[in-house]
Amino acid sequence: MYLNKKRLAHIVFDSDDRASKLFDIVLLVLIFGSVTVAILDSVGSLHDEYGELFYVLELAFTFLFTIEYGLRVWLTSKTFKYVTSFYGLVDLLAILPVYLSFFVANTQLLSVVRALRLLRIVRVLKLGRYLAEADFIGDALRASAAKIQMFLFSVLTIVLIMGTLMFVIEGPEHGFTSIPVSMYWAIVTLTTVGFGDITPSTPLGQFAASLIMLLGYAIIAVPTGIVTSEMANRKRKSHYEKLKTCTHCGFDALEPEDNYCRICGEKKI
Amino acid sequence: MYLNKKRLAHIVFDSDDRASKLFDIVLLVLIFGSVTVAILDSVGSLHDEYGELFYVLELAFTFLFTIEYGLRVWLTSKTFKYVTSFYGLVDLLAILPVYLSFFVANTQLLSVVRALRLLRIVRVLKLGRYLAEADFIGDALRASAAKIQMFLFSVLTIVLIMGTLMFVIEGPEHGFTSIPVSMYWAIVTLTTVGFGDITPSTPLGQFAASLIMLLGYAIIAVPTGIVTSEMANRKRKSHYEKLKTCTHCGFDALEPEDNYCRICGEKKI
Amino acid sequence: MYLNKKRLAHIVFDSDDRASKLFDIVLLVLIFGSVTVAILDSVGSLHDEYGELFYVLELAFTFLFTIEYGLRVWLTSKTFKYVTSFYGLVDLLAILPVYLSFFVANTQLLSVVRALRLLRIVRVLKLGRYLAEADFIGDALRASAAKIQMFLFSVLTIVLIMGTLMFVIEGPEHGFTSIPVSMYWAIVTLTTVGFGDITPSTPLGQFAASLIMLLGYAIIAVPTGIVTSEMANRKRKSHYEKLKTCTHCGFDALEPEDNYCRICGEKKI
Amino acid sequence: MYLNKKRLAHIVFDSDDRASKLFDIVLLVLIFGSVTVAILDSVGSLHDEYGELFYVLELAFTFLFTIEYGLRVWLTSKTFKYVTSFYGLVDLLAILPVYLSFFVANTQLLSVVRALRLLRIVRVLKLGRYLAEADFIGDALRASAAKIQMFLFSVLTIVLIMGTLMFVIEGPEHGFTSIPVSMYWAIVTLTTVGFGDITPSTPLGQFAASLIMLLGYAIIAVPTGIVTSEMANRKRKSHYEKLKTCTHCGFDALEPEDNYCRICGEKKI
């Protein structure tokens, strides 16, 4: 019985033999299936025609994900750590809404939680190569975090000041009904999205808007510059990690191909 | 007769003497001409006036491209490989629609296939310099493919989650009629296109939209960073390819201007 | 009394012990509070319900900021320099509007000045790390200033010429009512914001607009390239600053790990 | 008289003493003035009120620019080269429209030519520093020209194919009235401008539009990467240009601070 549990844990948590890989693929198919059902069910005409089928499928997916969640809780050696981990919470959120729906009336809220199921896909993407690349991007972003934070703070300061300015210049009669709405407009403009649901109509307002647009067009260079130079730096660093240390004098920047230490002349083998 | 076929194949497939260059230029003119006719014919007022002329020209272009396709099939030494190659399929698609149109009633579908003819222009652009540059861009993109794939996957996850969120917040009464439509809106917003055909109108929706816009504005730095650092890396690599190898000790990082091997002292000529 | 004043100045201007840190935190809370009140008060429904409360809070904040301003003027050793400094003017602007409002009737103008209070937050952000990052961005921008100025001049030249061109092509009947309005449209288009409040409707106008859009899409690479290469350069420079100078021959590019001077052979300790 | 002409030519063409600098400043003021008048005259309300004043000013500016053009033609030693040069044509275009207006009835065409006057400002910007920066940007763009050309060709191919596709999918009933209009829409979308004057309304059209947007969002990295890596490369090159050549052995990569040739040991002075 003990061996059976160990074998089951291997199938559920790893993915290096046939059974465990099959488990991952089945899970992947279930996740894609449940997300697809949630998306299709939101389309009015499809809901009217296949609503009941979608509901039955939803219950089936929930039943299967409940078994998976139960297995993970039972099989893991660190139950508390798993339950409170990011994926543990995602797994719980993937089944909870349906059980709640038996008591809760607001079905719209459920769609949000259903979409969160897609996050479970990441867990199955243990393809190494992809995660290594994700780490590369994640590391570069993390190393630039302080700079990006400073950048976001500057952006929000600009948004607050320009939003208030436009509220004063254009006023509620031209769609800038309050400072929060004006700030929403400033973000729409500064990020160059430009919906056009609110637009300046006075000459002064159009002039101020032009300044925000040119500013937004220019400062997009800042986050790009930060991330790019960080990534280029990261590549250079990975080169330095290949350097060796001289066992004689301790010089620590020997190229892998050096035969003699550049500082003390000690021969390398 | 054998020599004639060889000579003809040279004219059709190469472009290094007068006849073969003339063939390329005539083909180029024909491609531009047929694309222009297809574009002009789509304009209502021009179609009403010159519709019959355009139809005659279309038939003439098709006739000439059919001859070209026949020549290529007949002259190539690897017929099957050519017919199933990318350009072979493009060549076939460039003539097929008109023949199909004698049987098919839906004439709109033909325009798509007509536009594909422009791809044939690439074949004639054997100017070397341009293709070398295209290779440079293509290589940089290919080397970053895994990272770009990861990036697109992240973008789609954001789009799915934010789309569902906006569908829940704004709902069908404000234009977010289903999750697919909300996801379309999320892509329009995240990519900073911002058509404005669907816009949030509740305060909470405008707040969530602001987050998506700032996110889209910030993460555009990621693909730029990936491609730029890859291109910079590629330039550095092409420098390393100029390094020579020592014939005595095998050290493989000699600068082209080194007189003595830096490792074993062997004199270079 | 002298010591009291010195101690007070320490609390107000520094932030390295308990009392001075508490002063900074209280100030931070007051700034956030007054900005929040200004934002909420601009929302019509909230103003109708809590307008009087907001007014009382506004008076209270002004009273406290007046005390702070008085303290700074009294405690600083260089009164004139403080009053005419950037932060001195911000501090004055943070209290002046309310006093002016007793005489001025136009209350909308006050909101602008209220928003400027947020700038005071920067002063409290003496977290070093963040300012170092801000300096990094600021330095990179300043070093690129001449290039960015040239870039902005080119952009404005394009905007003037394309704006006039579109005014001539589309004319007042399609929304391009004057050259200034056309230039506003050209900025909206070149920066890829694209509100859609004014759009070309003639074929020639749409063709010219396409050129502006492709231009705007291509030249965004220029500021990004300038800032990125400047930042990468800056990182390389900070490496050069670690180089030492030989005390014997004055050679100034010794790596920190060099044992002997590369030029005169002098041994380093 | 000969000396007078030489002195005048110095004043007109150079800017290194008081008289010639004054000439440049007066010209700068005239250019800004005439451009401002052209812009203000395009505003309906101002034209109604000050139309006659603007016309008189326009005549005065034209008179002065005619004198300047006459001086340049008379004073230059290479008359033909000046008249056919870029600035020579700009100078001619700056005066021709008014003379033409005595014969031509269409006054709108004149505004375009008036705007071209701004280009004359560049000539006075002989501030060296700015032009050096402009050269830097210009050189980087020129060196990337082949790559950018290839990029633009790819963009136009995408625009043609996607435009035709959207014309087929959405059709004239949803605003995609012809292939040229659909191509205009594809450019608006691919460059992330997104006016919203034409938007897809069928599910399939919205799906195809999403693909174009993601494509446009991703490939903006390509021109940025090209220009940035070119600029970074350019900075590195300017370092190599400082390297010296050994007079003894001809080794051409000596750092400016090297005392001995790294290859043959020859002492440097």
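Order of writing sets the labels: A, B, C and D. Residues in every chain begin at 1.
Rule of thumb we're sticking to: contacts are C-beta pairs under 8 Å (C-beta built on N, C-alpha and C of every residue); 3 or more make two chains touch, one makes a residue touch a chain.
Everything numeric here is computed off the predicted structure, so don't read it as measured data.
To overlay chain A on chain B by their CA atoms, one rotates by 90 degrees, a value rounded to a multiple of 5. In this entry, A-C is the pair from A-C, A-D or B-C that repeats the interface of C-D, since more than half of their contact pairs coincide by residue number.
With respect to chain B, maximal separation of chain centres occurs for C (centres as means of Cα atoms). Judged by shared residue numbers over all numbers used at their interface, chain B and chain D contact each other through mostly different positions, with under half in common. Chain centres here are Cα means. That of chain B falls 29 Å from that of chain D.
Between the Cα centres of chain B and chain C there is a gap of 41 Å.
In chain B, the residues touching two or more other chains are 180, 183, 192-196, 220, 224, 226, 228, 232. Chain A meets chain C in the complex at residues 146-147, 149-151, 157, 160-161, 163-165, 167-168, 171-172, 177-180, 183, 189, 192-196, 199, 203, 206-207, 209-210, 213-214, 216-218, 220-222, 224-226, 228-229, 232-233, 249, 251-253, 263-264. Those residues of chain C that touch chain A in the complex are listed here as 35, 38-39, 42-44, 108-109, 111-112, 114-116, 118-119, 129-130, 133-134, 136-137, 140-141, 148, 152, 155, 180-181, 183-184, 187-188, 190-197, 220, 223-224, 226-228, 230-232, 235, 255, 257-260.
In the complex of the two chains, the chain A residues touching chain D come out as 192-196, 224, 228.
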